[in-house]
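Chain naming follows the written order as A, B, C and D, and within any one chain the residues start at number 1.
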Amino acid sequence: MKKSTKKASWKFRLHEIIYEADTPKGKLFDVILLVAIIASIILVMLESVENFDAKYHNALYVGEWIITILFSFEYILRIISIKKPFKYIFSFYGIIDFLSTIPIYISFIFAGSQGLVALRALRLLRVFRILKLARYIGASNKLLLALKASRAKIAVFLFFVLIVCIILGTVMYMIEGAENGFTNIPKSIYWAIVTLTTVGFGDIAPQTPLGQLIASVIMILGYSIIAIPTGIVSSEMTKTANEHHTNTQSCPNCLKDNHKENATFCYNCGSILNE
Amino acid sequence: MKKSTKKASWKFRLHEIIYEADTPKGKLFDVILLVAIIASIILVMLESVENFDAKYHNALYVGEWIITILFSFEYILRIISIKKPFKYIFSFYGIIDFLSTIPIYISFIFAGSQGLVALRALRLLRVFRILKLARYIGASNKLLLALKASRAKIAVFLFFVLIVCIILGTVMYMIEGAENGFTNIPKSIYWAIVTLTTVGFGDIAPQTPLGQLIASVIMILGYSIIAIPTGIVSSEMTKTANEHHTNTQSCPNCLKDNHKENATFCYNCGSILNE
Amino acid sequence: MKKSTKKASWKFRLHEIIYEADTPKGKLFDVILLVAIIASIILVMLESVENFDAKYHNALYVGEWIITILFSFEYILRIISIKKPFKYIFSFYGIIDFLSTIPIYISFIFAGSQGLVALRALRLLRVFRILKLARYIGASNKLLLALKASRAKIAVFLFFVLIVCIILGTVMYMIEGAENGFTNIPKSIYWAIVTLTTVGFGDIAPQTPLGQLIASVIMILGYSIIAIPTGIVSSEMTKTANEHHTNTQSCPNCLKDNHKENATFCYNCGSILNE
Amino acid sequence: MKKSTKKASWKFRLHEIIYEADTPKGKLFDVILLVAIIASIILVMLESVENFDAKYHNALYVGEWIITILFSFEYILRIISIKKPFKYIFSFYGIIDFLSTIPIYISFIFAGSQGLVALRALRLLRVFRILKLARYIGASNKLLLALKASRAKIAVFLFFVLIVCIILGTVMYMIEGAENGFTNIPKSIYWAIVTLTTVGFGDIAPQTPLGQLIASVIMILGYSIIAIPTGIVSSEMTKTANEHHTNTQSCPNCLKDNHKENATFCYNCGSILNE
């Protein structure tokens, strides 16, 4: 990288710390942020546990403010250190970072009416801070590529599952009826989804022999067609993995790449490849 | 297509709108139909929700008639605009289109006896209108081909699953008996299917240690043999995917096909391939 | 086959009807047997449904005797028509055929004490008649070969699953204890299997936060490791499918087979292959 | 092996019996150990069954001491017969072997206070003796290699599952609330994991229509994304399996390896390969 030899402005140095991770300070910044995100999620969780909140309400409140200020600071630094702030502000991460700080400020302003459902929901939105973690996964991994490539097929599959659930849910509503828990069609469809996906809560279960027969068909169907998305992704990944076997060198004569890993001659022009 | 230069009868133009989707009017027709189908399914669902039906009964009734008239109109247009109407009428889509319109007319005729179970079931049949959506998926996709190719293997698998469930269901009936919910063999087989497919409603659950031991065996069996349909479809799709990578041109010299997608020379005789 | 030109003894003709399926009489025999097996299984099921048995007890009894006599007749014919009767009698199918006939005779002999549990169990054993169906699947299909090839790996996997369930079941017994339904270790292990295999009956469910945390770990583990048997079978089947791509011809020079489907030269000696 | 021709010290002979399995005595040692481990696990299980423990307490107690002494003896022999005892003591198996013997001694010393929870937990730790079985599986099998190779991808997948469960758990807590069993966020996240992994205990189930809608989304998501770990492992195993088909010899002329298993000529330079 050898960036240390360049004379860099403080903005540039800040950018390096915040947006990159290959300097000690940059790594430290990332670790602090990571800890803050996880701590923040744990705070939201604990706040919802009644007994815990009753005991440690103040500690949770203080912790929340510390994290909010930290995130606000991070947000401002990110805007300052970047060349095109608006591009960041309206990017996915920009919006996530903004939403990570704002709920607690709003709930502070409307503190008198804190009991309102809307404000409570707003506070719970803090859980979306976890999306800040997405930065650390990176968008370029092969898994996502394989999924993207099989997007269309998976959509067709989901569409098929939905049609099956709507039809079979309605049929079960006809057969079992409200007296066995299938009170209306949306609920019956919900049950069909619960059954087809092999979740099977058991809050609603067929009681009539005919209903149990159709339920059996749904279950075996669900058990078999799970093979379809699996097959799609497996075949896509096998394909991606096979493409792996080509090396990265390019032919010295015609510049084509994607040669087989142990190829001696270019598959395109027949020139000898450098080892 | 350049069909606009031809002098086309109104029947031909109608056919183009209804059966094709590459003109603006044809696309509009498709979108209207799509919206009508989805609206229709939602209506059937809402009608079954007691509270909602009590409040908005009239609105639902009117909506239902609008959609029925629309579908009737579509059905008549499809018959008029096609050359061989009977081929359409007795095709899969012809029957679906017919069944999409008829229930409400019948229930209108027998309006006095609307409370009858048969009529109620008839009205629910409207849910099969969703099959009209199948037109938009198309029958030629690779997913279906892979499934068709592995049909025989999947049938053997399902047959095996059924035999296992019948035997283990009967064994569980012997062990657990009516006092633990396994009141008869069909119900025990139903339970075995619920367990083997890993659905596990929990409405019936083994109580005796021996029953729980056999249940464990069924569960682990079910957990392991799901690998079989998955393996079948995965291997079939990998095969289909591999065949993808070859293009459709044939060598001008030796007439061999199945060349790699970016090959320049014939893999068989070395002649240059046409681009 | 041209067997009709041979002068065959009645034993030979009988053997042809019973053990083969390529003559009209042989096919008829198979169809009758198939119907009898399925009817027999349905009889066993219906007998266990109390209401049905109360109404149609005599009809079921007569039906049972008809099928038993049919199977007895089949058993005797099979012994008579084969050259080495003892080999058949002690084969898998021989034992199944014998067990398909014997229960009802025994229960007839001890008719006075029909209420005995042992006799009732014996009668239920008739369900194993379904294994007679195995004859119609055939043992030579590729599915079984792929499973046999991955037998060792699947055994290691099941062994691993069992160890995980024993350890985690014991840990859950420690944490949750008898008051939350985990009354003893075998039951806790049963619960761990129910959870790991994603069946989830819900008859026992963790109540303490720590128990729910460990349950979450078990569930995510179970959700992930199902990939292992699936991966084993998929890879085995892909391998089997790939071997398919070789053709059946053998080299005219060196007699090696397993050539690629579109190969022109022998991969072993370089001779030209006949088309 | 021809080790019998060497003059071996008793330490060497002991080492051969304990650490190897290719002599009759070594095999006998392994079988005895295997039986002892399984017997020990069964003892721990039976001890937890109240009725059984009440009846056979003394027999279980004696059995436990016999096994403990056996394992102690094994532990001492292992230390004596190895050249670097400390390497063994602090290895994975060394620690497991130590922990297999110690609990019962401690509980004997503190016998007066046997009712203590800590001691009871300690006694239950004996279940980890099952890890002694790991010796018999061996660490070098291909299954583990395939899993290790796909470790990073599976970690990303689990991370993604966790994020989804945290967000959807919180959303369900907002929608359903404490009155429908979603008493706090950790519990809601537990429910989301139960649902996403298709376990579905049913101890908590959504009651509101909106909650059931989101539950449906979670279920279909869980049903679809199980394809991801499966795809990862399948593709990894297919790769490993493919690499199988090449043998380990290298060409005597150009030193290339990775030849097909039955190849006679080098695929690279055409030289004849040594058998």
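Basically, a contact is a pair of C-beta atoms (placed from the backbone, for glycine too) under 8 Å apart; a residue touches a chain by one contact, two chains touch by 3 or more.
The chain list, named the UniProt way, goes like this: A, B, C, D = Ion transporter.
None of the values given here were measured: they were computed from a predicted structure.
Using the contact threshold fixed earlier, the set of chains in contact with both chain A and chain D is B, C. When the CA atoms of chain A are superposed on those of chain B, the rotation angle is 90 degrees to the nearest 5.
Taking the options A-C, A-B or B-D in turn, the interface that duplicates A-D in more than half of its contact pairs by residue number is A-B.
Interface chain C/chain D: under half of the residue numbers present appear on both copies, so the contact uses mostly different residues. Rounded to a whole number, the gap between the C-alpha centres of chain B and chain C is 30 angstrom. Between chain B and chain D the centroid-to-centroid distance comes to 41 Å (mean Cα coordinates, whole Å).
In chain D, 157, 186, 189, 198-202, 222, 226, 230, 232, 234, 236, 238 are the positions where the chain touches two or more neighbouring chains simultaneously.
Per the touch definition, chain A reaches chain B in the complex via residues 153, 156-157, 159-160, 163, 166-167, 170, 173-174, 183-186, 189, 195, 198-202, 205, 209, 212-213, 215-216, 219-220, 222-224, 226-228, 230-232, 234-236, 238-239, 258, 267-270. Per the touch definition, chain C reaches chain B in the complex via residues 41, 44-45, 47-50, 120-121, 124, 127-128, 130-131, 133-134, 137, 141-143, 146-147, 154, 157-158, 161, 186-187, 189-190, 193-194, 196-203, 222, 226, 229-230, 232-234, 236-238, 240-241, 262, 264.
Listing the residues of chain A that touch chain C in their complex gives 198-202, 230, 234, 238.
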